[in-house]
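I am attaching a structure below and will ask some questions about it afterwards.
Chain lettering (A, B and C) follows the sequence in which the chains are written, and residue indices restart at 1 in each chain.
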Amino acid sequence: MPSPFEYAPAPESRSIVDIRPSYGLFVNGEFVDGHGTSFKTISPATEEVLAEIAAADDADVDAAVRAARKAYDKVWSRMPGRERAKYLYRIARIIQERSRELAVLESIDNGKPIKESRDVDVPTVAAHFFYYAGWADKLGYAGFGADPQPLGVAGQVIPWNFPLLMLAWKIAPALACGNTVVLKPAETTPLTALLFAEICQQADLPPGVVNIITGAGDTGQALVAHPGIDKVAFTGSTEVGKAIARSVAGTDKRVTLELGGKAANIVFDDAPVDQAVEGIVDGIFFNQGHVCCAGSRLLVQESIADELLARLKRRMSTLRMGDPLDKNTDIGAINSGEQLARIRELSEVGDAEGAERWEVACDLPTKGFWFPPTLFTGVTQAHRIAREEVFGPVLSVLTFRTPAEAVEKANNTPYGLSAGVWTDKGSLILSMASKLRAGVVWANTFNKFDPTSPFGGYKESGYGREGGRHGLEAYIR
Amino acid sequence: MSRIDVRKTYKLYIGGAFPRSESGYSYEVTDSKGAFVANAALASRKDARDAVVAARKAFGGWSGRTAYNRAQILYRIAEVMEDRRPQFVQAVAQSEGLTASKADQAVDAAIDRLVWYAGWADKITQVVGNANPVAGPFFNLSTPEPTGVVAVLAPQGSSLLGLVSVVAPVVVTGNTVVVVSSYDRPLPAVTFAEVLATSDVPGGVVNLLTGSAATIGPWLASHMDVNAIDLTGIAGDPALATDLEVAAADNLKRVRRAPAAEPDWTLDPGTEPMTAFLETKTVWHPIGV
Amino acid sequence: MSSSPTIADPGFDDVTRSEASLPRFLHGLPGVDQVGAEARAAGLGTRSIKTTAKAYALDLAIRMVDLTTLEGQDTPGKVRALAAKAMRPDPADPSCPPVAAVCVYADMVATARETLGGSPGDSRVHVAAVATAFPSGRAALDIKLADTRDAVEAGADEIDMVIDRGAFLSGRYLQVFDEIVAVKQACVRDSGPDAHLKVIFETGELQTYDNVRRASWLAMMAGADFIKTSTGKVQPAATLPVTMVMLEAVRDFREQTGTVIGVKPAGGIRTAKDAIKYLVMVNEVAGPDWLDPERFRFGASTLLNDLLMQRTKMTTGRYSGPDYFTLD
């Protein structure tokens, strides 16, 4: 029912952000032209064109790798850790200083609510740089030998779901360990990476230590395949991850992959039920479900399933979908037309396979890419919507009877990135955690990230860990 | 007619404020050549008592902050010190009789040492803590926790780098500290306290007493609400160090013994200055349905 | 939707029958995870309420205030001044609505009633009285009931009682239950409507959210019309997460029984900004049905002036100052 307490529009101002009409590549400390076919980045909420973005062709990729190599050989690998640390601390501080600008830009380019980019993404980005800055001069204490050495040049390809945060997860540990980087942001979300390049300039980071090359899939492939890099770090789809794993076979390139997931969020009958509902909602609707570790399968103990679903639907009905820059928006836009088409397609598969769809009633704006928070009940493991990653605000609901059955169903997937467990019983939490084949287990919480906490998957969700002491291993030898 | 300068009064730093000694006593501080510089407060046992009260009061809040928060605060201290670099260089040169370039190096090293320790706040747990693979269906985790209020006798020689090197490792992990500065060279310590007061460090986390480690030390060593004591400042006085260690045994304080001579502060400190003031807590929990 | 019952809800007779069954029921309620609950409350606090929404919220908040004076030094003069302010909070602006009630000690009820006029039950500013050896609750039951009857006879519309926290924390739930039932009985009038009963938990002493959930169910089963966080005499008093747990309880109770119980956070709510956060929480946790002075109140004193100042800023566009509002 409509509430008499209607929240009026509360828009965050766009004026802090200065989007240029066009952007070049950031190579060797300055912005240069790209020689591939430039492309446009749009706001997924309104479809307005934001800027024209350069594309790096093979020659551009080569130039960037050479710049990174030169900076590595001449400057960065010779610099004592405590001085490298100070650059990273500077970057962290500037991110804090420009935090609102970064958050607004991220929301405009990605479509995620300003509330999330402001309260989650950007603060966590600053924290990552702060944390890894502190490792730069302490690598001998990290448990990987007395004097770990960097690998050299890292080629890093990141996705569109947490553009700046994924950049931080890649660049901070790489630089802390003494590597230089060439990073390719996702095609639909380049703007905060380009602003980050400016921040590197403000921090007086030596030229070539960080290089940002924009482009599409072919730029990423060229980077990964380049013989001049020592390390590949990729976050994205499992399909592309497998292609990368094949392409580095037989080389000396080290590789870490952070890929897809189909996490089970397991709710037992003795769960703290109101917090479990919050955790389910956060698990699949945070960031519009564009989260590799999203709790996209709700496994609810059969004895409480009806009650939990009623509460869940009631809670979902208070979710506000709309303008990402409105401070009261909970659910923003789907990042692109392609992604929206995929979500719709898989949802139609869900209907066709006999699952029952329920969605929050909301007015969808005429422009932009929107999908209402949706859940499917009556789903079983045999359904495609229980197996395939939707990467959207779509929750598949399955039931279980016993802990053993929950574990079996949770693990019955090629993926293994994350899982959630909701119960008041401590031993059960630990028992489930020990049996779940997932790199991250959240108990009585979900989607919690911290620079000190390692993140990464089992099985086809990838290998390697980002964050924490463990996250250093990928960037040293 | 040249301008007459406004000379600073050097006071104690307790509970975030700058009181004079309750005794009303002060003592002459001279530069390395013996010329008068200032009168510094001469801390009494009652000042020490008040400092311990302030440190205890601040402990719950400070140890309860996130490691990230403590890291940022220690980094902020470094930022403010860097901003006040010329003042510190002048103070260290004057106190220790160093050339300008040696004083520069000492101050640089002190700031960098703070930055080094700032980075430990959210890492020490990962380096000294761990899960333990016990032979049974139990989750078992060992983590370090700060011990509480730590008394520190700061080195007599190195007035800034040495001071930072004995204070930072104590507070970065969540302890609070009562520190007695170098008797002959207290002025950089007072300037350091002023930096602390303007760097978001909560009052009571660091309490600075200018005065004599030999006089104040015994009161801190025997204080039953002090959890640990660092005797670095009486290096080279083994008889006194023994007495203090004996007094400390009354409540089994953790004691960091005085070295034979003041160490070379430019060397990598390692983790021992931090772990000396950490307790290890091990928690068990069954794993089952 | 049924109104609140005058006796303990008979649907729970099996649960409240014995010393053994009541604890089993209360301890069987779902737990509250502290971290999750506090995070949800904090998240709701980030809602940005502007322009028309803010104007609505400010007016509603004013209408929900139980303007309170509970001091040993209260005099008839003080109570009269408070009552006058309750009726006309902003003398410079007649469009400003009156508050919901004045809240005073039982021996001041008659004075308050004199100033406010009317009789129990008619719709204008109500008189709420604290009773049952407020704030500590440490007195024999017959004293607490005499305290209650006194206030009722003096004309109170509402009684704010305190539970026996000692009994609750030592697990004597049935004793707490029986006391509430007895006080509810003492609110019954032979002629005229019964006084409504608010039950104060003193959440600062109960300390855990699990206890607050249990106390909420206990009070609702015993026939409370409102559940209330605190006396305002103990810190912490009302907080957003504690109030949220109580809003969840009344929501669930209505779901299960059809009965609507009100919620009153009291103490520590000083600014209009705080009050608006509470209203957002009411809106999104319990639901819009509770956006009504019959279902939600603020126990406050200084809050009112901040609400008036914010209201004035919305109408004039300028920040105001304390000189422009009465102390009372």
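By definition in this document, a residue touches a chain if its C-beta (ideal position, glycine included) is under 8 Å from a C-beta of that chain, and two chains touch if they have at least 3 such contacts.
What you see is a predicted model; the values in this text were computed from it and never measured.
The set of chains touching subunit A and also touching subunit C is empty. The chain with its C-alpha centre at the largest distance from the centre of subunit A is C.
Separating the CA-averaged centres of subunit A and subunit C is a span of 44 Å. Spacing of subunit B relative to subunit C, judged by their CA centroids, is 50 angstrom.
Separation between the centroids of subunit A and subunit B, computed from CA atoms only, is 41 Å.
Those residues of subunit A that touch subunit B in the complex are listed here as 82, 85-86, 89, 127, 130-131, 133-138, 141-143, 403, 426-428, 430-431, 434, 451-452, 468-469. Remark: subunit A residues 1-10, 115, 119, 270-275, 278-279, 318, 327-328, 424, 444-445 touch subunit C in the complex.
Residues of subunit C that touch subunit A in their complex: 30-33, 35-37, 39-40, 46-54, 56-57, 60, 248, 279-280, 283-284, 287-288, 291. Taken together, the subunit B residues at the contact with subunit A in this complex read 67-68, 71-72, 75, 112, 115-116, 118-123, 126-127, 139, 271, 285-289.
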